[in-house]
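Naming follows writing order (A, B, C and D), and every chain is counted from residue 1.
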Amino acid sequence: MSEITAFNAPKSGEKKEFWRWEESCWADESKDWHAAKIITCGIDVGSVSSQCVICADGELYAYNSMRTGSSSPDSAINAFAGVSAKTGLTLGDVHFVVGTGYGRVNVPFSHKAITEIACHARGANKMGGNTVRTILDMGGQDCKAIHCDEKGKVTNFLMNDKCAAGTGRGMEVISDLMQIPIAELGQRSFEVDVEPAAVSSVCVVFAKSEALAMLKAGYTKNKVVAAYCQAMAERVVSLLERIGVEEGFFITGGIAKNPGVVKRIERLLGIRAMETKIDSQIAGAFGAALFAHTLVLKQGPAKPLAAAA
Amino acid sequence: MIANYGYKDGSGEYYISIDTDKCIQCEVGRACLTACPKSMFEAMVDDYDDEVVWIKAQFRKSLAYDCADCKPAAGHTRLPCTSACTPGAIRHSW
Amino acid sequence: MITGGIDMGSRTIKVVLLENLDVEGAPQLRYAVKKAHIMFPGELDQDKAAEQAYADALAAAGLKREDVAAVFATGAGRKQVAFAADAVTEMTAGARGASYFFPTVRTVVDVGAEEGRGIKVDAAGKPTDFAGNEKCAAGAGSFAEAMSRALQLDLKEFGEASLKSDRTIPMNAQCTVFAESEVVSLIHASTPKEDIAKAVLDAVASRCCAMVRRVGIETDVALIGGMVHNVGFVRALKAAMDVDELKLPDMPEYVSAVGCALLAAESRH
Amino acid sequence: MNATAKYPTEPLKLWKKAKELRDQYYLNYAKAKDNGGLRWSGSAWALDAIPAGLGDDVYSLTSEPYAASIAHDRKFAKVCMDAAESYGFARDLCSYMRIYWGGMHLNKYLFGGPFPKPDFIFQTQICCSHSKWYQHVAKYEKVPDFYLDVGVGPYKTLDKDRLDFVVNQLHDSIEWMEKVTGRKYDDEKLIAAVKNEMRSTSLWADICAQNKAVPAPLDEKTMYSLYVLATLQKSSKWCADFYAELLDEVKDRVARGIAAVPNERCRVISDTQPPWGFLKVFRYLETYGAVSVGSLYTFGLEGIWEDKPDGSWGARTTPMDQGIEIKDRDTALRLYADWNLSKPQWQHFYDPQLKTEMMLRIVREWKVNGVMLHLNRGCEGLSLGIMENRLGLSRAGVPVMTFEGNMGDEREFDEVRTQARVDGFMEQLGLRKLAA
């Protein structure tokens, strides 16, 4: 057996991770939190991503969005540490913390846990305005369809976390399979001569082997991605239809950043999704922070917490 | 609020819907809790501080099987849960 | 004579250029693997990716296309390789490659990114029977990889971590995706990483093993494909198959490509 | 085997007629009531010569072929199965049964109009689902039902007591039919039907035996559309007569060397019902010049066989050809029971070894190069012990491949993987794709 050199073979460490989306940390430089009367915090620990949002007097002040680690408490702490580093805020300065998302009960420094359903509705109502009625959140491991009233109170919802079809995870699967960065999937899905029929299988595992077969058959990657995005869209729409779709359609979560799916959902529903300047992934944490604000107004600040992390 | 607990997968759509507006002021003393042979219902306080019932988490991903015993195939003409809930807060999607 | 083999995997493309050191009339064929090349197709469609991978390999080997007598292709995208003289399935390529490295091998376990398979091989290195994993992809590498990602470990650390655990946590879900959410709940239940890693690798190993048993486990047994690098998986598979020895090539990802290059060479004899 | 042999081929002349007979059958059942006829329902395995004694205006709907026809229409099949699942039936039950039930609950008949209600159920019991299937139908449609227990063990162990056990039930079933229909039973019609069925099933076996020829005059995909007639009404004169015609045509094809697949260079057999929604798998084989010459399923479900003097497997000689006279009800029932109990497809319910032996025999006599086993999740009965068969075959040195699927439920079938599996198997058999 003579020498073999596997040059530019990426070592596992530096291996390109196509599925990974951008992490981000932001603070409103125009504001000074010291001036705020009420400071609240919302922590959303999802199965895939975690966010921390800080509200100053019920307005968005700062947020941090990162991938969920292998322990929910740490993820919550790190999410907060991010904004803390950027703004100098410590937990001691925060009047009330609400935890939400998959790991909401594991947020060590939260005063109350509220489901992501209620928080997404509340957040969307703030981000999209009180005309928001229908909310779609495609999470990492689940898909939520929510209908809410002008106050952002949930009037109808369903969540599907049994099947990966129509979840962010399903999207990661295809980006991995195609070796295309997840952020590019949407754009690539439109770079096709003709729009292909949707991948027929509802099951992600089958869809995957269907996608492989398309490649085998000589489809371009873009075409396969298009077929897959279409399938995702059809899947999500069938869930939305259960709760009844109304104008004022708002999409939260990472999926909002994937035009490949969003545009196709709009096409199927015949409704345009509302625009927002704020990172759609923070909707849950934002909602949680707003709940926290209301709670402070109702029952006063919670006792300050020992700084975590 | 209409709360849908359940799932849709390759084999179909299985949701139990609970109309919390009818559920909050339960006029039948939470009859559903005892009506369900598997005690799948549970009373809890929701995000808006109202007491309502929901489906216990361990059943939410297997309703098709958990509810089979109460379906016509098992000789039932009416579902125990929906029959017990005379205000009509509970509905099955299948 | 120089021949080539290209393995168009669903994730990576491997190219092998093989020089036949055969002296005319020598009883035993002897080969030297000249160059192996691995890359992530990334932006490219398969046909172009194959072209590039091959070009790179030639350049690295300091060879020109006309130096290469024939190239055989295998793998999911084998039909997309314009310059290949012929295409063979993963079964044939894997069997031939494995028996080149280990002439006594009779059972080959090939665990790739998307599919695992068990192959029964005869003395000539021809597949006589095979079984692949059915619908569920949980018996393949991409599952383990996704799980290692959830644990924030790279595949190597993932395997090593599992060695530190002797706990057995059964994974009930047959479907990869369900299995993933099972792992996520284990994580949120703050189960030690080591135990989760072992649970995942045990699950993959038991699915692979069930598959291999369909063709029957006959020694010697060889494992090929990227999972060879995963010490935890190797341990789990040994245990599941209940064999004392598992033959491990030192260039596991390239075995099928080598098999192709050999078949290409033999087609010229 | 790799030489691309080319044979002449031509379409089957009787193809159109087979389709017409099939459509007529389903139409007759729907229209039975128009002129006061009777409807009964039971499985394709039911002993349908018995109800024939009730008159010439008695029509049946055999449920497996009916469900299979629906399975071709994947959309409607899904609708039917969803209906059954909504009703609370589990997804892992027999997919024919779920499809049939679903159609009944939706009150939709595949061939148009509402689902025709049977007057009674007449069913044999060999697999676990057969009785349960009609127990539900009878309850739901509120119609009387009768079940024959034919589980008396392998034919080679058949003795007088075991035969009596079945014959006595047949006598009871006739009395029962007279009671529930209020009709007078006509033994002449019974005897005629028994004779028809013996002809049909013996002729079908003979037709299958013609496929021993190289090239094979018929491929399995075609055989499905022909054998189905026996699954509809093997005891009818039209079925027996059709098979007589068909046998002549197939013999003529053999004589003239007409092939079903012109590029035949490799012969395989399958096992159990195919995934009906994906018969193109068989066309895919042809791209390799491989042809499926049949299966124990197509040969042995509606064909009755015997050992020929030369040791080969051939059509069972009918009592009529042996000069045995059938004059009374008891003689008819006795011969009829014995005839059916020798049905090959009934044997392996008792021991997978029996099935392996029959398959090996087919492999030998039909010059088969490999076996494709369908791990059919839709049929517990026929896939029972199938992995044992896999072992038995490969121990005997026969190349085997397995593919997972379901005869009626497409959700269990992965077309992509199956094709990849076929690619590997063909290569194992030393075949390369032929230039199209």
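Points worth noting:
Everything that follows uses one rule, which is that contacts are C-beta pairs under 8 Å (C-beta built on N, C-alpha and C of every residue); 3 or more make two chains touch, one makes a residue touch a chain.
Keep in mind the model is a prediction, meaning the values are calculated, not measured.
When every chain is reduced to the mean of its C-alpha atoms, the one closest to the centre of the whole protein set is C. In this assembly, the C-alpha centroid of chain A lies 29 Å from the C-alpha centroid of chain B. Here the spacing of chain A and chain D, counted between their Cα centres, is 54 Å. Distance between chain B and chain D, defined via averaged C-alpha coordinates, is recorded as 44 Å. Chain centres here are Cα means. That of chain B falls 48 Å from that of chain C. Multi-chain contact residues of chain A (touching two or more other chains): 161-163, 203, 206, 209, 212. The residues of chain D that reach two or more other chains are 414, 417, listed in rising order.
Shared interface positions of chain B, defined as residues touching 2 or more other chains, are 10.
Pairs of chains meeting the touch criterion are A-B, A-C, A-D, B-D, C-D.
Chain contact summary for the complex, chain B toward chain A: residues 1-4, 6-10, 13, 15, 47-48, 60-61, 93. Touching chain D in their complex are the following residues of chain B: 10-12, 64-65, 67-74, 94. Listing the residues of chain A that touch chain D in their complex gives 206, 209-210, 212-213. Taken together, the chain A residues at the contact with chain B in this complex read 114-115, 117-118, 147, 153-163, 202-203, 238-239, 242-243, 291. Residues 10-11, 32-43, 45-47, 56, 60, 76-77, 79-80, 101, 114, 135-137, 142, 146, 149-152, 154-156, 175-178, 180-181, 184, 187-188, 190, 193, 250-251, 254 of chain C are the ones that touch chain A when the two sit in their complex.
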